[in-house]
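Next come two complexes built around chain A: one with chain B, the other with chain C.
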Partner chain A sequence: MSINDIRQLVWQGALNVQITVKPTLLAVDESPKDCAVNLRIPRDIYLTCYLPAIINRVRDSLRVDLDDEEQHIWLEFENVPLYWNYPAGVLYDSMIGLNPSEREDKDAENSLEVWRLELAQGPKLPPGVIPLTGGLQQIRSYLMHQWKQACFILNGSSKQVMSLSMQESSRFWESVVTRDQENFIYVANKVIPFKPRFIPVIIHQTLPEVKLFQPVTVHSKDDGTRTKLIDLIQAQFPNLFQKDHVTLSKVVSNGIELPLTEDLYDLYNRLFSLDGFLHLSICLITDSEYAEEASK
Partner chain B sequence: MISYQRYCDQLHQLYDSKTLQNQIVVQVVRLLDDSILLQTAVPSTAKDLSHLELKITYSQVYQEPLLLLRVWRKDQSQEDESDFVSLWFPQDVSALLGIDKSFQLELDAVVSPTSHLQETWYSIHPCDTAEIVGDQAKYADGYLNRWLSVFLFSWLI
Partner chain C sequence: MSRILESESDNDESGQSSLANSGSADVANVGRDNSSDANSNVIQRRLEQFSRRLSMLGLMSSQEIEEKDGEEQPDVIESQGLAPLRQEVPMTASLILNKLPKATNEALEKSQQASSKKSHQDKQLKVQIKFQPIGSIAQITPSVCKISATQPFALISTFLTRSLKVSQVYCYINNSFAPNPQQIVGDLWSQFKVDNELIVSYCGTVAFG
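On to the complex of A and B.
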């Protein structure tokens, strides 16, 4: 399978999402199930791009005003607030690591896997959640901000992003929203070099609490050999990934469990997200996976 | 560009010199390992505000000092005269605080290198810092002070 085939599969990855509203926000006589919104959304997009449409669907069932400027809106999964500034698929991969055994049972009962989220509102945002004050323009601006960072990490300068024409910047944002992979790759290829200075990586760990790691990750080690995923992971989490030990964790990106022996920059080139970073989620293995590993 | 070690050295020198503590707008100064937290009064044009929370820290990505900012306003929901305040994220914070538009000040998710938790701050994008501050060797010893005069004192004092 060519790199373009893999990128296309990643680009087309999607999630079934059901969004209900916190019962405390609902009007009397409304039940969360009655005003549930079902969506099939790309993995590689910000969930907040869908907020205006979701709000429009549920507005009439609420006893609160979602346009109140003194209030904030956010999404939660099992009462854990979601950071909208990471792609939806990354949040999903990280969050389903919360209770994998329990989830495995539920999955067996349901043929269709649905990620169930809740819409929440309050005067104070949960810590770390970026307030949405500027609509889609803010999301676009945040995306370009991330690409400037990714570009700096890759090339030692943000010039490749800063020198994009207005037309190219617009084309890039449009490509994300309209899911036009050709235009997305056209611009991304202007930024991503053959041999990078460092590799833009963000690691998401959910247990025991949501933590994020942005390690300085070299393309090649001092001895000239290229960095593998296991080099990064063992350096960052020496207790979780010990040599010659059965591990309770796995590394997931775009829903795929990654072999630890893979070359890191090859993984980046295949699996980088819409923000120019390779997102890796540290997930717990399920009971059955553990039993299989232990029996080897 | 400044190395992390040189930045830490200059940060501690800055704290010891009391340059920040002696500014009339500065209310609280706290030195952490590799950052300084500040609480300051607000520019006179922003009368509904209570105070600003600022953090001078280091960007490992850009290898530059990084200024983070949060706005606290007087709590308008309180009808009594108590000093309730709340965090506020205005849309155009540059205009509110009179910060020159040439600084790219945006809401950002900042991951603490020690706690690994995500925090929400306005940050001034540091990608042009070296050109603005001056990257020549003769400025290396005073890099953080030069940065401070441009990125903080130019609009706060």
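On to the complex of A and C.
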């Protein structure tokens, strides 16, 4: 499969999401199920891009005013507030601790995997959630700054992003919103070099506690060989990924398990997210899968 | 932290974004200062809004500025009694913990021991920040400060607004990008330091959009 084929699959990756409203926000005669919003959204986009549409769909069923400037709105999964500033697919993989092989076991012809979220509102945002006060324009600004940061890591400066024309910047943002992969890749290719200085990586660990790591990740090691995924992951989690041992964890990106021996920059080029970073989620394998692996 | 992101909200007011206008007017309008009168109520309101947002991050009461040589000038930006930002584990994911093999539990225990040791060391570890003003905004004195490597970048923004007594300040690393306010300062320092200093430029208006 060519790099373009894989990029296309990544770009087309989608999630079925059902958003209900916190019961405390609903009008007396409304039930959460009656005003559920069902969406199929791309994995590689910010959930908040859909917030205006969700709000419009549920507005009439609420006892509260969602336009109240003194109130904030956010999304939760099992009462855990979601950070809107990571791609939806990354949040899904890390928040449910996705194990791709278990998902395959559950897949059936007439089943549909749905991620159930709740819309919440309150006078204070949960700790860590970035206030969203500027709508899509704020999301666009955040995205461009993330790309500048990724560009700095890759090239040693943000010049490639900062020198984009106004037209190219707009084209880039519109490509994200309108899901136009051709324009997205056109601009991304201007930023991503053939040989980078470092690789922009964010590692999401969910268990035993939620943690984020943004390690300095070299393209080539001191001996001149290129960094593999296993090099990065063993350095970061030496106890979970031990050499010559049955693996205790997997690395997941865009909903798929990654081969640990893959070249890291090749993985980056195929799986980078809309913000220019390669997001990796750590998935712990269960005892049954471990026993299966150990018996091989 | 919000000011980094509010910058585009301000831009948007100038009508530069057709997407924002056509897309999410509901959210885009929240928190905007629509008043054209430059009166003190507006400033007061903005200060209150800003202060409220900072408190949402749990950073408000955490900052302590050490004095140097008896002068009331910042040198070390510290956080007392503040736990790092921590997101809870959703129930579905936490159930996996009950199904782990013994080897994983042992590995996690080892990792946690190592991590708590490292986190203790990291708390002690302070990284150097060099502040550079852009435009007419005042210069921080001294321009070099230290901050615990485990703090989020939002604390630096809070420190600047308090020290400069301004409602908003826009921060950039290496005159290039505004980092994610949740990002740990130690990670930023490791990746973008110049001569062992993380260069944070700051401005009263948007400098690098």
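Here is the rule we use: the second predicted complex is superposed on the first by the 279 of 296 C-alpha atoms of A that agree within 3 Å, B and C clash if a C-alpha of one lies under 4 Å from a C-alpha of the other, contacts with A are read in each partner's own complex, and residues count from 1 in each chain.
Criterion: a contact is a pair of C-beta atoms (placed from the backbone, for glycine too) under 8 Å apart; a residue touches a chain by one contact, two chains touch by 3 or more.
The shown structure was predicted, so the numbers you read here are calculated from the model rather than taken from an experiment.
Overlaying the two complexes via chain A brings chain B and chain C into a clash. By the touch criterion defined above, A:226 lies against neither chain B nor chain C after alignment on the C-alpha atoms of chain A. More residues of chain A lie in touch with C than with the remaining chain of the pair chain B and chain C. In the superposed model, A:127 lies in contact with both chain B and chain C.
After overlaying the two complexes on the shared chain, residue contacts for A:248 are found with chain C alone; chain B is out of touch. Of the two partner chains placed by the overlay, neither chain B nor chain C lies in contact with A:22. Using the contact criterion defined above for the overlaid structures, shared-chain residue A:174 touches chain C, although it does not reach chain B. Touch criterion not met for A:57: it reaches neither chain B nor chain C.
By the touch criterion stated above, A:158 is placed in contact with chain B and with chain C alike. Judged by the touch definition given at the top, the superposed model places A:290 against chain C, while chain B stays out of reach. In the superposition on chain A, chain A positions 83, 85, 124-125, 127-131, 133-134, 138, 141-142, 145, 148-149, 152-153, 158, 162, 209-210, 212-214, 216 are in contact with chain B in one complex as well as with chain C in the other. Note for the complex: chain A touches chain C at residues 48-49, 51-52, 55-56, 66-67, 69, 72-73, 77-81, 83, 85, 95-97, 99, 124-138, 140-142, 144-146, 148-149, 152-153, 157-158, 162, 173-174, 177, 198, 206-210, 212-216, 237, 239-240, 242, 246, 248-249, 284-288, 290-291. Residues of chain C touching chain A in their complex: 1-2, 4-9, 11-12, 17, 19-20, 23-32, 52-53, 55-58, 85-94, 96-97, 99-104, 107-108, 110-112, 114, 173-174, 176-184, 187, 190-192, 208-209. Contacts from chain A toward chain B in the complex involve residues 70, 83, 85, 123-125, 127-131, 133-134, 138, 141-142, 145, 148-149, 152-153, 158, 162, 205, 209-214, 216.
Of all residues in chain B, those touching chain A in their complex are 60-62, 77, 86-87, 89-91, 106-109, 111, 115-120, 125, 127.
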